[in-house]
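What follows is a pair of complexes built around chain A, which joins chain B in one and chain C in the other.
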Partner chain A sequence: MSLSFAKPTTRTIIRTLIPIGTALLAFVVTGFLLLAGGFDPLEAYGLLLKGSVGGVREVGETLVRTTSLLLTGLAVGFAFRCRVWNIGAEGQLYFGAIGAVVIALTVAGQIPVFGVIIAIIFAMIFGAGWAAIAGVLKSRLGVNEIIVTVMLNFIAILFVDFLVHGALKAPGFEPQSALIPLTSQLPILIEGTRLHAGFLVAIAAAVLIYLILFKTKTGFSLRATGVNPKASGYAGINVKRSILLTLLISGAVAGIAGACLVQGVNDRLLVGISPGYGFIAIIIALLGREHPLGITFVAIFFGALMSGANLMYQTMGIPVAIAETLQALVLIFALVGEFFARWKFKEAPK
Partner chain B sequence: MAPDSKSKVLEMKGITKKFGDLSANNNVDFELFRGEIHGLLGENGAGKSTLMNVLYGLYQPTHGEIHVQGKREIIKSPLEAIDLGIGMVHQHFMLTQTHTVTENVLLGLKSKGFFLPFDSAEKKIMDLSKKYGLQVNPKAKIWQISVGEQQRVEIIKALYRDVDILILDEPTSVLSPQEVNSLFATLKSMVDQGLSIIFITHKLDEVMQVSDRVTVLRDGKVVGKVKTLDTNKEELANMMVGRPLITSFEKGSVEATKNILEIKNVRAKNDRNLIALKDISLDVKGGEILGIAGVDGNGQSELAEVLTGIRKTLGGKIILDGKDITKLSTQAIRNLGVAYTPEDRMNVGIILEYSVSENLVLDKFSSSPFSKGLFMNQSEIDKYAKKLVSDFGIRTPSINVPAKQLSGGNLQKIVLARELSSNPKLIIVHNPTNGLDVGAIEYVHQTLIENRKKGAAILLISTELEEILSLSDRITVLYEGELMGMVPRAEVDIEKMGLMMGGSKLDSNSQESKGERR
Partner chain C sequence: MVIEIAVIVTLLASGLGLSTPLLFAALGEKIAERAGVLNLGVEGMMIMGAFAGFMGAFISGNIAIGFLFGILTGAVMASLMAFLNVTLRTNQLVAGLAVWLLGLGLSAFLYRLAFGIGTAPRVEPLAAINIPGFSDIPFVGPVLFNHDPLVYIGWAMVPILYIIVFKTRIGLTLRTVGENPRQADTQGISVVRVRYYAVMIGGAMAGVAGAYLSLVMVGIFVEDMTGARGWIAIALVIFGRWHPIGIMGACVLFGMVDALQFSLQAAGVQAPHQIMLMLPYIMAIAVMAFTYKRTTQPAGIGQAYTREEK
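Showing the complex of A and B:
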């Protein structure tokens, strides 16, 4: 068969234009939704902008959101890149949070400086352990990892409910754990904001995930197994081990997200500690094309949407769900845009 | 027969088809007369399939006209092609496995009323079957019938739609010699009754045997149009490849050494959980090529997979150079010096999404010098890949392009380069030249001969009889999971091979045994 080499220049241009165009389109459509709800879209978007980048405090808030979105986005994106469909970042985040809080309240709290790191490591182990259930079932018995990870989300979320109502409940009325000691809290980076050192951990994780995926032999074999398990097995790569390892790494990264919420934002474990970061992460991973750099940009954008939506709610009473609508619309338009980009490439060369 | 005196049923004028900057067809003229078998000859990538896809409405030509029965037509889809009386039997059959022959024939046809006209359809199928000698059972399900019969179903499918031009794309690649003969008889009877046939192939013997005229394509251009009676194999080969062909090569005699591979009573199941290998025993010595012939689907893939640790055995022993490897992992078996080029190079031999260089180190990327500690050593990998690309003559724009941009022949070279570069003790090759052009086939054969000279034991599993006969030192046939005897090359001819491929055991006492159908 013959091949058509698409010119990289046009391709690159279209590839960068698509996300921008789709985001604009999503804003326009959401604008109509706002109109239908009786709000002035321009005023609302002004608040969105102000609430996300209007000042040091707002930027800090955006980056706090970004931290959670980036870590879970990386977890999902890493697994997707290796063609393992981990939909369970939310559950793995919750287990990471459990790991962090348990170790911080017991051992790590007593250790200065290293206590923070120990708690994060425990969160990674807990997140990886929770993902390992799906990993073992998938690699040993061929059980569909999508179903398992989705179900494990609910178990993890409800298990945290159970813990903060019972074993981990601090004295008082609220269903929440005791505050973790200062030694295991992530330090605040900028005075007057909530931005904590977890943000740096997330950036480091992005770099690390990039290196693992594209520079190490582990990433090479994990990606190979993903795109073509048959050829990989025949070349001597252990396919079952690869699937399990993919989920372990993915779960560990999602676990860090849990640790950041406990050690950086809330300083304790509580009901609904994540407003669904692990689910939004799926959109982020897809929009970021399963690449750490893309995921980083999308996570910042989504972080801004989330913190800006808060101001829209506080000032105009616009439901926060509007931010989620926007995010979902961006993904839908991006998927459609992708289709058109490909379609054009096939027909255009004449 | 004098086709010139007959009417043109089809004329393609100045057909050019471009994909980007690449011309798959360049100003091609092609005529087809009523009642002829017209061989369309060319190497893979010469543009045969593109030309026929243009005719069948799958592609639109960049330039050029198509005239059917003297009238200019623009054919936008296969449906329109069929309406114009043009039918095509693809190399890979388009049949649904779980449906019956009749259902497959009716599939896609518009019928009046709510119910499918099964009875009348069956009658028409039987009529066609009798008329052209195409034996089929209309009530049989596709998965139950042989590949030869499936091909007859495809032909009937076209005839049922009243086509008078039939395109056959490499129709013999899946057939045993006997089935090829019966296909040719059918084709002759079809043209005797007024049909016209375009026979796409890269096999010279078949063109000489069955066609009336030949059009030869090379690099998208017509390089020759001849009557079969006025030409010969050498001339056609010359046109097709652009240089004389090495028809027979001296493979030289090599002293076979000790047994490198011994298989004892191996049994295994296939993916559908049915017994695919029944009690296989054989041995291959160093410096020897053992040819395993037979139609695919008789346990060939399973045998190769068992030997490379990809598939588990149910019983028996596999011994490599004195070491029992029956239970070892693929990685371990590879490390002991086993190379394998699988039949399905697109899906098993290569990761199409990975680059040429990545594919070249797919089996050794995790060892030195291609990895240092955790990290891959890109510069070493590139150096090595560049060397292999030039050593094995892999044609690629760069070592960094995804493998999917390369032609089938070059993909096979990648697999060979990777597998043979580590001087293996045992080489297992499965249909190594399937779908390759003549140049690439020669190359693969030479490579195997060289490795035989170096003392490697080679297990050649192939459906190409010519290949088996020209390369092997000893020959056997795998039929329904059993070996049909083991004979030295000197004692076999194509006739005997045909018998073995039909299920007759040939060695001691010519004892006949027939396995039951799978």
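Showing the complex of A and C:
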């Protein structure tokens, strides 16, 4: 592989061209849908570009989205890498948000400087705790984690709905919690944007996940368990513990995403605090090949798509679901492209 | 006393109605799983069926054409699933997740593209029909014989599928492909073709399930209106142990829980509605925890079949 760095072979050229080509294909297909809906796709994609990277404020918006997508993407990607199918990042995000808001409104808000961090740590504990339900069921009873985590998403979303209509409701008409104190809010990084320090937390999380996965013994045994549970069991790895630990770490990272939405973006808990970041995270994890670096790139790309979609909506009235459609199509075309990438190699010698 | 019986009648009748979309989706999922394809894309096929069914009925003014649209769209989404998994041999879980997320995004996008933002067009939902003679029987009549036609079609599917899967050559072929694809291949059965058919029939049934939500239950399309019913259907296949009768039992049970939840709310029971809405999801988890160990799933499930390798 290092040789190909010096002199790119046809193989590496194909490897880099195929994902770009398949992503473009997704845009072309969506362009035809826009055309059918009576919109000019070129004008729309121009706005997509302008709305995502057209200025400091726009880049800020993109990175705000990226923060949520990166954290949830890392959570899902980490679990997938260990072959634990955690589809529950959305629910874990919601529980993280609950943890952050509860502690910020009670204890952490009174504590200067460390209040921010305490709230994030609580969000991690809440996210991990919510994921632990699936972890315990999987490791103790062998219950499929996919369906359990999907169900836990819906329960968590309803639970937040319940809280902001009841126990956590602030006085007034809107179903939302009170504003959290300034001491537990994440500071804004760039004046005139909404970009908050949570972005740095997300980048740090990416580095940390990389180190855990590839540079520690724990990470090695977690990955080994995923690839071959039987052999890992013989090698003395506690498989049940590995599955539980994977879900705990994954849930904790998704919990930080919830904390960032509460402490960095909304400064409170409200209904629908996430527009499905935890679901898009599944696409991000798969496209990023379950690797923190790949996940980071895809999260930035998808963050741009989402903030660009906002401008397309405001200016032309194009439905914002165009972002989700594009994201899913990029994944499907990438899966097709991957097949052809493999297929091409078979004929090449070596 | 009279009022209480009326409440129970409504509860049982609406429970059977609510179990119908689950039944279609779960039976369809079962067919795919019998062929060895764990189809996680049901939810995506359902929501696309709900959308296409609504569109078809709205444009044509005919509910039957709406259902036809739902069926075709479900099958098209399923053919994508089959293409990814059977032809390209993408991991089944990944293929299913991709189809799910595509359905979720695409249905919302296309609906808003077609109708714009801020409008909620309606179609007249499919009405219940009385079965002459039977619907007049006290208690039993209104519970069992006063439903829309889809409810009866759903019930009819159960024995039909049972006979096809367990008593016919087609069923034997299907099960062989699911249990032991290699053996099926040596017998001259095309694993690829059987899996395509099975997944697409399953998708068509998920399409019916979705169209049932939009065309029978409410008469409108709402984004994410499936609310994880496709996922619950997957759980119910496991709960019903891959057997049509078991699956029907599981679906009726879940329909009843849904109905109970609605009627408790309607009766003004002092419980927050969000907590009540959680019931089916909590039950799905409980059911999975309770049954998972005791089940035997088709042996070939989850693996893409390759001829040359191994």
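Methods note: the second predicted complex is superposed on the first by the 335 of 350 C-alpha atoms of A that agree within 3 Å, B and C clash if a C-alpha of one lies under 4 Å from a C-alpha of the other, contacts with A are read in each partner's own complex, and residues count from 1 in each chain.
Definition applied: contacts are C-beta pairs under 8 Å (C-beta built on N, C-alpha and C of every residue); 3 or more make two chains touch, one makes a residue touch a chain.
These figures come from a predicted structure and were not determined experimentally.
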First, second, both or neither for A:Leu269, with chain B first and chain C second: neither
Partner chain(s) touched by A:Gly166 [first = chain B, second = chain C, both, neither]: second
First, second, both or neither for A:Leu152, with chain B first and chain C second: second
Chain B versus chain C, judged by how many residues of chain A each one touches: C
Partner chain in contact with A:Gly142 - chain B first, chain C second, else both or neither: second
Chain B versus chain C as contact partner of A:Ala128, first or second or both or neither: neither
First, second, both or neither for A:Phe339, with chain B first and chain C second: second
Touching partner for A:Ile103 - first (chain B), second (chain C), both, neither: neither
Touching residues (chain side chain A, partner chain B) in the complex: 1-6, 211, 215-218, 220-221, 224, 227-228, 230-238, 349-350
Sites on chain A touched by chain C in the complex: 33-34, 36-37, 85, 87, 133, 137, 141-144, 146-148, 150-155, 158-159, 161-162, 165-166, 279-280, 282-283, 286, 317, 319, 321-329, 331-332, 335-336, 338-339
Residues of chain B that touch chain A when the two form their complex: 18-22, 24, 45, 49-50, 62, 308, 310, 329-331, 334, 340, 342, 347-354, 358, 362-363, 365-366, 371, 374-376, 397, 405, 407
Residues on chain C engaged by chain A in the complex (per definition of touch): 40, 80, 84, 88-90, 93-95, 97-99, 101-102, 104-106, 108-114, 116-117, 223, 227-228, 231-232, 234-235, 238, 272, 274-275, 277-278, 281-282, 284-285, 288-289, 292-293
